Every structure is written in C-alpha cells, then in structure tokens.
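After this come two complexes, each holding chain A, first together with chain B and then together with chain C.
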Partner chain A sequence: MKALSDGQLLHFFKCLEKDWEVRLPVTLPDGTRTLGSLKDGPIALLGGSLPAKPTGAFFPQEEEIFRLSERELRLPLPPERPLFVAGFTSRDLASLLFIDRFFADDPKDDLYFRRRQSALVAAVTGWCGPGGSFIKMTSKGCDLELLRDERGWLLLSHSEAGRQATQELPEGDDPLRLERFVAASASQSNDDELLLSQAAELLRADLVPDSFWNEIGDRCILCTGCNLVCPTCTCFGIRDWRSASGVERIRMWDSCQLEGFMREAGGHNPLGSEALRSRRRIHHKLAADLMRWGEISCFLCGRCDATCPTGIGIVSVMKEMVARHGGPANQRSR
Partner chain B sequence: MKRTLTVCPYCGTGCMLYLVSQGGRLVGVEPSSTHPVSRGSLCVKGWNAHAFVHHPDRLTSPLVREKGELRPATWDEAITVVVAGLKGVQDRHGSDALMFASSAKATNEENYLLMKLARRVFATNNIDHCARLCHSSTVTGLTDCFGSGAMTNSIACLDDTDLIFVIGSNTTEQHPLIGSRIMAAARRGARLIVADNRRIRLARHADLHLRHHNGSDVALLNSMMQVIISQGLTNLSFRERRTENYPLLAESVAEWTPERGAAVTGLTPGEIVDAARLFAGASSAMIIYAMGITQHSHGVDNVRCCANLALLTGNVGRNGAGVNPLRGQNNVQGGCDMGALPEYYSGYQSVGDPAIRQKFARYWGGSDLPATPGLPLTRAMDAALQGRIRGMFIMGENPLLSDPDQTHARLALEKLDFLVVQEIFLTETARLAHVVLPSACYAEKEGTFTSTERRVQLVRKVVEPPGEALADWQIISALARSAGCGGFSYDGPSEIMAEIAVLTPQYGGITYERLAPHGLQWPCSTPDDPGTPILHREQFTCGLGRFSPVTYRPPAELPDEEYPFVLTTGRTYCHWHTGTMTRRTHLLDREERAPFVEINPLDATRLGLREREPARVTSRRGSIIVAARISTIVPPGVLFIPFHFVEGAANLLTNNVLDPESSIPEFKICAVSVRREA
Partner chain C sequence: MTTSPPSLYQPVPCDIVSVSDLTPDEKLFRVIRSDGAPLGHLPGQFLQISLPGWGEAPISVASSPTRGNSFELGVRRVGSLTSELHRRGAGKRIGIRGPFGRPFDLLFLGGQDLLLISGGCGLAPLRSLIQYCQDRAEEFGSVTILHGAKNPDHLLFKNEISSWESTARFACGLTVDDTAPGGCYDGNLGQVTSLIPPLQLDPLRTVAIIVGPPVMYRSVIHELERKGLHAGRIVVSLERQMQCGVGKCGHCSIEHLLCCKDGPVFLLSEIEHLRGAL
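So, the complex of A and B:
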C-alpha cells in the first residue's frame, strides 16, 4: 500500500508519461470531465464516473481497420506506448471485464486487444464520488486502485504490472486508514442491484406487456446516446470510403436504437418500431446477455440515464417497469 | 487525442460539443456536460457531426470551367476569373444584375463579409440567404408586431412554463434537444397543445392534438382568439399597458366563431374552444413554431397570428412565455443578424436610412452605398430567368435541390452568364457553376454561430481543411483585394467580429474573449452587458406591442380532380436539407437511404399501393418516383415527401408561389396526384 498527496499523485502520473500513454479524468475548458491526457486540462479524479465511457480507450468511437491501395494493404500500427488508463469505478471495471470477454471470444478482436493487452488500468474509489460521496472499493479487473480520503490518496496494486509501476512510491504506514474504506464499502446499499435483478426477472418471465414498451418507445427520440455512452455496448458498423488512392475501411460505434441497425436488405425489419428497439436495448442487457454470458451486462454505471434527453435510460426504465409490473399480483402469477 | 469545444453544424438549437481529433483527423464527438442546451446530450446528427468532414468527395482545389468541363485551377487563377466575371456582368448590365447568396451554414463573420463584399465592392443590395426559404416570414411578421424578428425567449424557459403550444414544428425531429425538453416539460405537468396534421412524435404526448388542414393556421388562430375575446379570457392589464391596435384585432377576429373556424380547418368547434381555453388559462404559455407556420404564401400572416395570440394573453416579455420561432440552420439567425438580407445591414439596420448608409460607408471607406433594397433570393431566381440577374455568387447553398420548383431553379441557374459556387462538396448546384471555390467546413475554421435563442457561440478550428480549401472569410477577403478594394484585410475572424460589434448595436458588447465558454445572447450592447435571455421585458423593441389583424387567405394551390392530394414537404430526422453532409455520414445515410412518400393506409389501399412499392407523385410542375411508406402519421388525402434526395426531388413538385411580403415559397402545400408505378 502506498500513500500519496495530490501533488505526489500528479508527479506520479507525470513520471508515468515517459513509458505510458497516460489517460485520466481531466476537466475540459467548459467544466466537462473526460478521459484525457495531462495537457488537456486539470486532473479531475473527483466527481465519480465520467460522462463518456472509459472503455472507449480500448474501443473508440471510430477507428481504422485498414487502408487498401493498388499495391498494398496497410493495417493500423499498435500504439507507440502502452496505455495507462485511470478513472474506472468498480462498475466500469465490471463492464471492462465483460467486454474483454466479448472481444476475446473467437474470433478474437485484434483491434481491441491492440490497445487493451498491454494496458494498465487504474480504478478510482473511496470518497471521490459526486459531492464527496463514497465509491465502492474494487480489486477485480484493475492493476491499480487509487483510494481517496480526506488525507489524500492510497494506492493499492492488484497485479504484478501495477506493483512494478508503483514500486518507487512511498509506502503508507496506517493500516487503519484502509480499514475505513473496507468498512464503508461493506455498508454500501445495494438497492440498485435489487432493482436490476427484479427487472431482469420480470423480463425473463415475460411479465412486461407490449404497451409498456410502446410508451417507452414513444419517448425515444433516437439520439443513440444510450448506446454510445454504454461501457458494455460493443456493436459497431463498418464504413468504406473509396477514392482514387484506394479504400479506407473504418469501424464506428453503432446503435441498436437506429432503424437501420436490423433492417434487412429487402426492407423488412424485425426491430421495426421504437417500442421493439427500446425493448431490445433493455432486454439484451438484462435477459439475453444473462443467457449468453451468464451475467447481466448492465452494471448500473448510470451513463445512459445521464445522457438520455427524455429520461428513458436503463435505470429509469427499470424503475418504471418494476413499479408498474413488479407488484404482488405479478409475483403471485409467477 | 484532442478535444475541442465547438458548435454543432446542423440545426439552430445550438448544442455545443467536443470534437475528438487524433493525428489531424476527427475521430469522434463528446457532448458538453455543462452547456445550458446540450447538458450532456446530443441528437443523432450531433453524435455524428464529425463523420462527413474527411470524406473523399471534399473539394480540394478551385475548379474553373473550360470547354464545358470543370478543371482544377490555382487560387490565383480562380480568384482572377471570379472577379473578372463578376465585374464583367457589373460593367455590362449594372451592379443589380449581380446576386449574392450567403449561407446559414457559414459563420457570422463570413455572412457579414459577403454582405460587405456585395454592398461595398459590387455596389448592390442583392444579397440574401436561405432564411428567405425558412424564416423570412418570421423576420417580417414579428418585426411588425414586436419590433424584433427573433425568438423572444430562451430554450431554458421550457423548464418553467405552464403550457407549450407547438404549431408547425416537428420539434423532436428537427430540433431534437428542444423537442426532448418539451417532452420533459409535459412529463412534469406542463400542458401541451400540438397543432399539426401529421401525427408527429410530440402529438403522442399532447393534451390536445389539432390535426387542422394544411394551410388553415390563420383560421385556427383567429378562431382561438375569437373564443378568448368572447369568453373574456384576454389579459386585460397587459393589453392596456403594453399593446396598441387592439380594437382592429378584435374586429377582425369577431367573425371567426369556432363554427366558422371548424369549417375551414376541419377541426370540430369544440377542439378550437378547448385549445383557446387551455392556452388562455395557462399562467404562462410558450408558442413554438417553425416551417409549418412560415413556409406558406401567407407565412407572414401566420406569424402575425402567433404574435397576436401571445399579445392577447400577455405571454410576451416574461419567463416561460413568448413567441419562439425555431430557426432551422445552425447559423440562420446569424445570417439574418449579419445583414445577409436585401433590405438590411447587420443588426436589421435599413439600407433605406441615409444615416445608416452613411455610418457603414464611413466605416467601410469608399463612396456611397446603394440605397434601394435588393432582391430576395426567391425573386432573384425569377429575375435570372428573365435575364435581369446575369451573375450569381452562391456561398454554401444548394438551391437546385432546396428551391421550390426545381425545373424553374435549374433554368434560372443555367441562364446565368456567370455562376460562382463556394462549397465543401461538388453539389448539384456547383456542377452548374463556371467557377467552384473549395471552402473549409465548420471544423476547419474559427468564427461564431448564433443559435435560435440568439446565443452567439464560438466555432473553433480542429483540423486543417483538405487540400487547398480555404475558410469562406479568407476567400471573400481575397476576392475583395483582387477587386482592388481595401478594408478586407483581417488577421482572423475575431478582428471581423470587432468590426461587427462597432457597427451592430445588438452585438456591440460581443468579443471573442467574452464568448467562452457558452456564448452570449443578444442584444448585448456593451462590454459589461450580460446578454438578454428574454426580449421585450419592460417594453417591446418597437415600444408597444402591435396587434396586427390578419385576413384569411387559402393556400395558392389546393387539391382538385386532377391533383387530388395535398403534398407537404420537410426534413427527416437523420438528414439535413440537401444531404450534402448527412448522406455522406454512414449511420445517417444508412438510416434513410432513399426518397419516400408517406401515405395514409386508406389512400394506399384505395390505390393498390403496398409498403416500399414505387409510387409516382406528380404535380403541375413535375413528376418523381419514390417508395411508398404507408403510415398513419399523415391523414388521408395528405402526402409527405422529404426534400433531401436528388433522385426523388420533392422540389420538382413544389409550387414556386411566394408570400407577397416575405417572398417565402409555399413549400408546405401544393396539389399532387399519386399512383402505383408499374
């Protein structure tokens, strides 16, 4: 366990820049927080999860797949330096592990692992949430954990790479300090997890009527934001640009909320209404992924709820669903 | 990875976003979390705002026509040819044989500069831009009633209002982050009235959906006012303190009983009474409108009716109220503010006023400026066809697809002696040009856009323009210098804004330093003026609010036996106007690939038309084949076709009849026939 002040932590990040491409929460000129580099703005580790998904460091909105000219096929080069990405919450790390497994599934996604395989991932936990609220400790899925309290930072290494990166930092000598984090983590409420399991159960038991999805679909303006900020959304589209010099193929984040996402060549669309697409978005996370991967793929990060302009992010929808269709009558009928 | 704060290039909502770039290429978008309008959200176009910028179709070098073909040229040659061409027309036929079309896609600084070029260098007031096609009715109508033609209130007022009356605006599709805020208001309990005969998304959330006949807005609004007056629901103290001309309004609407209104609008008298009582009963009410009000041969009258209704109920000059025209383009408000209009300099200062002319002439140097108002864009097309306009300079517009009656527009443009198009892509219009000048897009230059709520915001350069393309302001400056005119050398757009601030009272307090991060709302007259979120608080720009009575006139072309359907045109959510940018954006293009016609199932069944089958739609002006989209969004007897698609151009069909005051075309209604194409 290492103990650092704000200044020492900043110094640590600066030292890391020699060997790593460092990405961490920073504040942009208008106060928006994002995952950036030290030169993009002041560090903003406090404030909880970032509006943009941190998994975007490995699976960005747009990336080149290849360029093809008459004479050669050019594949994108791996990054010059490995990535050091800080700013994950425990929920973000669960999301990262989920998509790691997805992209590792055969055939393995080379583009993703080009960035991911040698990366160092750091969680930020403790009293660093919005308004100083507590963010649960985590060890799963990260190399390092930065724990915040009123005295500054504790650094825990959860992997060999994490230990190596931090070996020259000063040791912390107050075991009681860590105890407080453990106790606070243990006393965190799990209301949202309960909601998640109730909502998933309703969907799996097919107890949510179409009329509910019609209402949710009526409120969807197809902005696609829910998908684009979701750390477990992995769908991408492919686009080719042909020019005199050849073909450039890229992939970009796609969205199951678009009408074109599932439309067949003949024009038929199995997800031809907003209601069906809204249902799919939630059903996929809460029921389909549970069957496919053995776990629900919403980790309650709250990003879709924050970006949705009409209030139909997944947590809002689950609350409405459980309030309206998860009552005692439904319980009995199961 | 670099993130640069800038303004979305699509609609007039004015969302700010971060463009993400890496190695000189745009690779993504992040919304601004703190911006008062975007608030961490974007619509699908905003999320994809980066995706067309590096398209291989971008224009990378000037093109000059030689032996009928466009060939690459150097900037020196192109500028020389343009100046010689424009001067040649001027020498042979006079200054007013030239027409300058500015662009609501370009920055304020560029609109100002093209206006200055037309007036100072080529001595003509023939300068206009696409506001002519969208909100010229607003500028005329609201100026008549309030003294100012802009949105009176701010988008944030939606959070505090008691009632929202949306008429002729498909807000969730065309201004999505305003539309979603209306939905949020309705969910918190604000009442929502939607008047639109298409069942738009907002209608699903409305307390009252009025599906009145296309083009019957004056009848609807006059009838609502008749009910309000006859039932004693007017805001008496506001009327007495703040308005004039009430007796004439009362007289003019007296005959518009709900029964008479119902006969014209196709609504029931009860619906009209309900709407009137709901509206007048609200403690604060916002009127939101867009092209459904303005794009009629009586567009100005429609706008006047909206203003009259607000005046009658005291819904101007306070929070949660107002008459709120939603400007379509990212900078159509700015294009108007900057005087890219035939009768005004920047700040709506009249070219007919000798003192104003003298002010501009003195600052700009040189001799007298022209005093006669110029031609509106739509009338300039007629003039071109008649041989009165011989040379045209078009910056960032595609009138061949966006003007009414495409055949008319094509003939007019083809008849010109000299056509210059300054563009980012080789559009259908640019293909007709004698010279094409490649320009930088929004992500490749500095400047400002002014959003629908009069918010002037900074546009920042993120990447270099492709090839030899230059920012519009650089090209205009080079043209002026080549024409031998001083006063066009600027270090950058901020210096142009400094000049705008000197000459334009509403922008007097605006500097680039003050615009970070999220802009200022005009009027902002002095360096310490915080800007004006709500207009007409203490008094109207013209003193008292003026009731402006309106006589109902039907649309110019109504269905008959030969052309039994009403055609209305507009945009879809995923595409922008003539598709220059959005049809080159993969996800947006995939969403709407091809032209279509919305037709009610009853009509489709009668005609034997099935979903996605080709339908031939014909008007007196042309005929197109588009795919049938069978939907109850449109009522029986009404068809809707978006105007984005060159391969099924809605504007081959539309009627080039103009509002007599604003010269806006009647895009929203014409008569057509439809049949299954074998």
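So, the complex of A and C:
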C-alpha cells in the first residue's frame, strides 16, 4: 500500500508518461470532464463516474481497420506505448471485464486487444464521488486502485504490473486508514441490484407485453445517447472513407436505436419500429446476454439514465416494468 | 496486400475469373483466391465481400467445395457495393473475409431425403448444397428442389436445372408469381408454397431446407407442418445485416443468438420461439 498527496500523485502520473500513454479524468477547457492526457487539462479524479464510458479507451468511437493506397493495404500500427487508463469505478470495471470476455471470444478481436492487451487499468474509489460521496472499493479487473480520503490518496496494487508501476512510491504507514475504506465499502448497498434481477426475470419469462414497449418506444427520440455512453455497448458499423490518397476503412460505434441498424439490403427490417428497438436495447442487456454469457450486461453505472432526455434509461425502464408488470413475488400471487 | 500482422478484419485478395448473367438483376461471379489456395468453405457458409471504397457485404457461396479451388457467388444488384461489383469483370480484384457462419449439417443430412425450397436469390446458397449432393450422391437420399421467382426472367440457374433433373434421384419444381404478357413461359404459376401439397414425402426421413426472402418462411413452414414435418426436420438459412461476420458488430442478433456465428443455418426448433427470428 502506497500513500500519496495530490501533488505526489500528479508527479507519479507525469513519471508514468515516460513509459505509458496516460489517460485519466481531466477537465477540458469547455468544462467537460472526460478521459484525456495531462496536456488536455487539469486532473479531475474527483466527481465519480465519468459521463463518457471509460471502456472507450479500448473500444474507441471510431478506429481505423486499414488504409489502402496504390493497392497497398496497411494495417494500423500498434500504439507506441501501452495505455495507462485511470478513472474506472467498480461498475465500470465489471463492464470492462464483460467486454473483455466479449471481444476475446473466438475469434478474438485483434483491434480491441491492440490497445487492451498491455494496458494498465486503475480504479478510482473511496470518498471521491459527487460531493465527496463514497465509491465502493474494488479489486476485480484493475491493476491499481487509487483510494481517496481526506488525507489524500492510497494506492493499492492488484496485479504484478501494478506493483511494478508503483514500486518506487512511498509506503503508507497507517493500516487503520485502509480499514475505513473496507468498512465503508461493506456498508454500501444498492436497491437497484434487486430491481435488475426482477426485471431480467420478467423478460426471461416473456411477461412484458408489447404495449409496454410501444409506450417506451413512443418516448424514444433516437438520440442514441443510451448506447453511446453505455460501457457494455459494443455494436459497431464498418464504413469506408474515400479520399485522394486512397481508402480508409473504419469501424465506429453504432446504435440499435436507429431505424437502419438491422435493415437488410433487400429492405426487410427485423427491428422496424421504435418499440422493437427499445425492447431490443433492454432485452439484450438483461435477458439475451444473460443467456449467452451467463451474466446480465448492465452493471448499473447509471450513465444511460443520466443521459436520456426522455427518461427511458435502463433503470427508469426497469422500475416502470417491474411496477406495472410485477416482480416474481407479484406473479406468484396472481 | 500485406500479410502481416494478421487482422480479423483484413480482407484476402481474390481475382474474378469469369462473370455471367443469371437474371436481369443477378450475376454469377467465379472467383479464386489470388494465392490459389482453396476457400475452405462448406455449403451454407457466406463471405464478406470487400470492395475498398464501397465497404463490405455478406454474400453466400453458391458453389460446392467439391468443385475445385475457385468458387462462385450469385450476387443480386441491390445497393452501392453490389452495383459496383456488377460493373467488375474477369481479371478484376476483390477482397473477401471468411468463410463465415455455421454451414448445413452434412452429417445430419446424410442418408436423408432432402427437400430444398428457395425463393428469389435464396437458390444461390442452396446451389452449393445441390452441387455437393450431385458430387456425393451416395451420401444422400432423394433431392427435391423447389424454387419460386417473381417472373420467368428471374428464375435463377435456368441452364443448370436440366442437369439437376437428370441427376439420379433429383427432382425439380419451379414456379413464378407472374408472367409477362406474350411470354413463352408455360410452367407453374403461383408461390413456391403451391408446390408442396402435391409432394409425396416421408416425414420421418425427409429434411426440408428453406432459403429465401423473410416473407416466405412462415407460409412454407406451415405447408411443411401439414406434411408432417416437425421443427427438428426443418432447416432455415436466415438473412440478416451481417457487417462483421465474426459475431462482434451486433447487427445480426436474434435475441441471444448471432446469425453470422450461430447461423445463418439453424434448425427451426432452435429459433422458432425467438422473437423476430422469422
């Protein structure tokens, strides 16, 4: 366990830049808090979950697949330095582990692992949430954990790579300090976990009528914000850009809320209504991924609920679904 | 093209060997990998055809792996990529990724009577299986091919049908939705479903395979069920917007299944309960 002040932590990040491409929460000149480099703006580790998904560090909104010029095809070069990405909460890390599994599933997605493979991932937990609120500790899925309290920062290593990166930092000498984090984490609970399992069960049992999805679909304005901020949304489209120098093929995030997401060349569209697309978004996370991957792929990060301008983020929809169509207990009493 | 480092999304260069017209909207491309290597496909699989500048499109392989290292693609002109492909002739280069997807289960089909039902360009992927059955006839029972098109001009592989009919234990039935006034077509009129009731088939040793436009499946399945075929003996090959072909892009999901990876060939019993599958 290492103990650092704000200044020492900043110095640590600057030292990391020699060997790592450092990405951490910063405040941009326009006030946006996002993942960036130390050059992009002041560090903004405090404030809780980033508005944008941190998994975007490994699965960016747009990335090159290849470039073709004069009949020569060039694949993108691997990053010069491995990525160091800080700013994950425990829910973000659960999301990261999920998409790690998704992209590793045969055949392994080489574009994703080009960035992910050698990356160092750091969680930011403790009393660093909005207004100084507590964010639960975590050890799964990260190499390092930065724990915030009123005295500064504790650094815990959860992997050999994390230990190596922090080996020269000053040791913490107060074991009671860490115990406070452990106790605070143990006392954290989230009622939405129960909601999640109730909603998943309703969908699995096909107890949500089409009329429900018609209403949710009517409220969708196709802004696609829910997909763009979701750390487990992995859908993408493949596009070619032509220029005088050749062709660049890219992949970019896509949204299942858009009318053309599944429309086939022949015109058939399996998701031809907003109701079907809204159902797909929720069903995919709560039921389809549970069947395919053995786990629900919503980890309650709250981003889609914070983003959706019409109040149909996943937690809002789950609450409405369970209230109107009953959790398992209600079904038994029918 | 470079060969390293390998990427899942890197197309393999191929050369167009020949092009022939199938219908006013469809062409048949004979293609070979530029390195001369076999494609390594099985009937029912598809490729991502890659034209840099136009993108990629999923196209079923229309020829059998028993027919040599070159392979054939029946391509309907429906969008910008397929229009560009139609403009390319012999000697031009294209890219491919694949073969992808679950093929027809040849072990399951072995020894069975096959009823192959297609509509429109659905005959192209079935042709791969038809050729395979021709070349390994001893592995299968009878093969009945039913095909429907919108009009006589759009009947696919007209030149090959007589060869199929002359193969021992093969039979063909063709129908069109409509005929042009004054045309010389004197065959069946009506949807492909109309060809099913007169058939004599043993539901315990027949496997039906359906490939066609989405609107076709339910009515064909209904007719097959009336013949006593159950969902474990009905195979469907589904069309979806498959962008990556490797189960990553999400465009072809059917509830928890991915058409490009878990399909496109499914037993009806695997997908009939899934919303949006048919």
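Worth a mention:
Here is the rule we use: the second predicted complex is superposed on the first by the 323 of 334 C-alpha atoms of A that agree within 3 Å, B and C clash if a C-alpha of one lies under 4 Å from a C-alpha of the other, contacts with A are read in each partner's own complex, and residues count from 1 in each chain.
Note that in this section contacts are C-beta pairs under 8 Å (C-beta built on N, C-alpha and C of every residue); 3 or more make two chains touch, one makes a residue touch a chain.
All figures in this text were calculated on a predicted structure; none of them were measured in a lab.
With chain A as the common reference, the superposed partners chain B and chain C fit together side by side. In the superposition on chain A, A:249 makes contact with chain C only, while chain B stays out of contact range. Residue contacts after overlaying the shared chain place A:258 against chain B, while chain C stays out of touching range.
Once the two complexes are laid over each other on the shared chain, residue contacts for A:219 go to chain B alone; chain C is not touched. When the two complexes are overlaid on their common chain A, residue A:87 makes contact with neither chain B nor chain C.
Legend: residue contacts after superposition of the two complexes on their common chain; A:292 is shown touching chain C, with no touch to chain B.
Seen from the CA centre of chain A, chain B and chain C lie at an angle of 80° in the overlaid model, rounded to the nearest 10.
With both structures placed on the common chain, the touch criterion links A:62 to chain B but leaves chain C unconnected.
In the superposition on chain A, A:311 makes contact with chain B only, not with chain C.
When the shared chain is aligned, chain C comes close enough to touch A:270, but chain B does not.
In the superposition on chain A, A:239 makes contact with both chain B and chain C. After the two structures are overlaid on chain A, the closest C-alpha atoms of chain B and chain C sit 10 Å apart. Overlaid on A, the two complexes show chain B and chain C touching the same residues of chain A, namely 237, 239, 242, 254. Within the complex, the chain B residues that touch chain A are 1-3, 5, 16, 18, 20, 27-35, 40-44, 46-47, 50-51, 55-56, 172-173, 176-177, 179-181, 183-184, 187, 201, 204-205, 516-518, 573, 586-587, 590-591, 593, 611-612.
Across the interface of their complex, chain A is touched by residues 1-2, 5-11, 52-57, 78-79, 82, 213-215, 239-241, 243-244, 246-257, 276 of chain C. On chain A, the positions that touch chain C within their shared complex are 65-66, 68, 71-75, 102-103, 105, 107-111, 234-240, 242, 246-247, 249, 251, 254, 256, 261-266, 268, 270-271, 276, 280, 283-284, 287-289, 291-292. Touching chain B in their complex are the following residues of chain A: 23, 28-34, 36-37, 40, 51-52, 60-63, 218-219, 221-225, 228, 237, 239, 241-244, 252, 254-255, 258-260, 267, 306-311.
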